[in-house]
């Protein structure tokens, strides 16, 4: 019983018109939490993978791309970083990257306690002990409610959510009202980073409207792509600040001083990454209706 | 963590031109023994399933069809049954059916000890304790070698093998020389039953040649189909005897007396099942070359 | 542009828990008629295939099995055959087999004119000119309506329908009321043959209830299996007669005289084929509620 | 026969460990030319698609991304552009983009005449009449041979090839010797653009070695990513010049003057796109062995 080969078991990411399939080494977890369907498996192509509601979220092989790009552009823009709030981020990898900046305190708020527990147990390479760090406070509750009720302010807020599908728990965390709340909880000079959906041509409207909604609250807003291979699609993040243009910050000195040994993010990349394809700028002009609590957006899939 | 749903995990039985896919509830075992690739999974359609080398062997839902048809036509043809030899039959379900006839002794010889152990552990509904029966002797070795070396004789020999694919361990157990050995180990009036491959139009040659090879050794040889749904194809068994035509035996009295409460096999079926489609009789005429140690047959797949 | 290979195009017969996939050489037709979705393609495994509503109906390689078994058991039971009515049978292969008996007149009634035209054009090997035979009258209308309104009587009625899925046009042609109408249109000694669904263990209820519904109208009713390989499942037909038991008719003399050179059906098979597995007889006892216009049955799929 | 729906026909881009599947509206062409397997189909997700050897090459929906990025960074770097040579580029879309710059002469050399003809016939939206332009000379022959034999020089050479898989015709067009030939055929100040493979983490070696091979011939070499969605992966191009750094050229004035109304490429993007992720720079250091005629590289797949 030593050699283990699972030749013909496949996991299918399905949508109506396109499907990505992964050859499975081992199927680790499959269950439905209160909020979503969770699958974890070992694939031949990407190593261990996490799927939520049948969509790849992060993989052993390339999660560093997503998580470095979620965290460092924001945190290097605002230095020093003393307090950080993460909304979402169940895998613990966003937390892991944040801790590299030696903050005094990090509050992480994820609504799905079951998912967080499963990630701690089955994705230890993601969090690498971050949940045990004494500077971290983990709260399992609605992130919007948390920010509305707290009086704390943060140097950075990282909004690391899954797509606002219909019925998804994240829908009300993509609205103008939510971004206003975030803005009120930012320390002076603070910066917010938002997972802001796909650059895919036929779904770019969601990204554009998230960006334009941030623009109604923050004077400085800049999107940039994230080339996570396992998404089979280019995703984006958007930085927003009340006081400075993230695209204009030279992060070279700060990066050199911190010497974080990152694999994807670097000052050279920072200088270029806010320069976008023409159709994205066109989408910013075309899709300008802000998202609001009474006018939410549903991501059409399919990543 | 209570509800378990695995919506998008599938097991694919692949061949070049056709594929059968099973939605998987749980993937139980996947390993390569010395002789073959073994997969066990819980499927939504058939319950627990055993695959050898990527081909369905038996399923919780319908294994009774295969195993009743492997055993009872042979054993009711020769009554009473005191000693039985099973060649192959790792799941233990052929053994289970044999024990219903109250034999004095059963020798079961399967070459793949690892497979037998896995079946005992993960397919307990198949064997239902049969391996623990004191009348059973289990030998993990080459079945042909066993029959060549033993001096014992049996009332029935059940040859329950997987397909003679190239490189499969069963290749030399489909030859004239092997059937001669079987014949020598049969008690007077004894009967042999052989898993004799598919009735599928484009693969019926294998069945026809197995039947015709038996015919070179035994005067009475009769094939019959086996409608195991999970094979997605009609398989066959063949009975052979030196002294009587199995198709001519009226099993009604014996069945009534034993009252085995079977679900598939019954005297009514026995009366009709040896009557075959025209193309099978035609194949018997067309494919008449006996299989021999120096002229083996390879099953072309794809079941 | 001479060599044509389509390596990676597949046609999937999907259901919730199981899927059969065919490697496609060429995709010929795909459209939705008024009544159903029609696909015709050339597959590597079965040659040309017809699918209705995503279920294989018949294939170049093995349609002869279905159509011989639909027609000859019924027609050899009642000899001579002067007039025949076919309800359904769009491919024209049932018609082709009927014409081998030299009837004086055949009325074929299929509700889906578009399907019939497509079959004439793209499945010429099925009908082999039968539609052009002057003894044939083709009517594209509801078969039940036709039989209710006609005053003609027939020596044989062949009910060659697809499964009574929900919303399928065939639902009201599986009821007691319909079988009464058929009975009234049978000549003395006439015989009816019905496509009577799968023997699959978990769907055998439909077959059992069709058989039992026929039993409320006809004194002699006998089911038999049909091993069409491309269905990946064993289907059945059922014969019904007011005057004689089809299972008791010896067709040997008639077959010999007609000498039809069939590939599947033969007198030898006829003698055995009405002998069924025990669980089918059990289903006859268990599922005894007749199907009626106000209590129709929906086939649960999945073939 | 008006409504056409092909629900269950899929085209599978297969590799050992991962598969991308496209729901097919219509399968247009499938044949094997002298050099490669060609498939054209209408998909629901991307519209018309071209596959070579089972890998997506370009799609109706997003081919503009690849082709704008193949052509304009190079041509705007060297202005004015009088003569251009395209190696490969069978679809005619690279040619279409080149013609927007009003060159005096374009030579396009593709080895696969059959493929070019099929693209002209079945992908007219790609070439949009470009093949008929009198300034265009199309030659169907080995592009390397052409450049070795000609005495002409070009302002730009665009090397638009498919991946150098084992046995692919493009293998010897990724070597140092080939790039030397290209260099000799460049006009002073001329620029070359090369399709330079995937940025995918586990296959980035090919890109790095192509870039480093160009570096042995040209003093200025700069790679940039290309986010073609239908590749499900980030591909790259690399610019090379003997006289100026393409990354340092400000294309704003030239773009404004030409006013080409592009959808993807824009001066804003040009400014950022040569800034790459850290792991790509690391790969440049790690994989520094030049590709040579006697030391070719095979792309490992799988896009």
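All chains are identified by letter, namely A, B, C and D, in their written order; residue positions are counted from 1 within each chain.
In this section, a residue touches a chain if its C-beta (ideal position, glycine included) is under 8 Å from a C-beta of that chain, and two chains touch if they have at least 3 such contacts.
The model shown is predicted, which means the values in this text are computed figures rather than measured ones.
*Asks:* Applying the touch definition from the top, give me the chains sitting in contact with each of chain A and chain B.
*Replies:* Of all the chains present, none is in contact with both chain A and chain B.
*Asks:* For chain A and chain C, what's the span in angstrom between their mean Cα positions?
*Replies:* That gives a centre separation of 57 Å.
*Asks:* Measure off the straight-line distance from the CA centroid of chain B to the CA centroid of chain C, and report it in whole Å.
*Replies:* Distance between chain centres, rounded to whole Å: 32 Å.
*Asks:* For chain A, what residues touch not just one other chain but two or more?
*Replies:* 10
*Asks:* Under the stated touch criterion, can you name all the chain pairs that qualify?
*Replies:* A-B, A-D, B-C, C-D
*Asks:* Residues of chain B touching chain A in their complex?
*Replies:* Interface residues on the chain B side: 1-14, 24, 26-27, 30-32, 37, 39, 41, 54, 114, 118.
*Asks:* Which stretch or stretches of chain A touch chain D in the complex?
*Replies:* Those in contact with chain D are residues 10, 16-23, 43-45, 61-62, 65, 199-202, 225, 227, 229, 232-234, 262-266, 268-279, 281-282.
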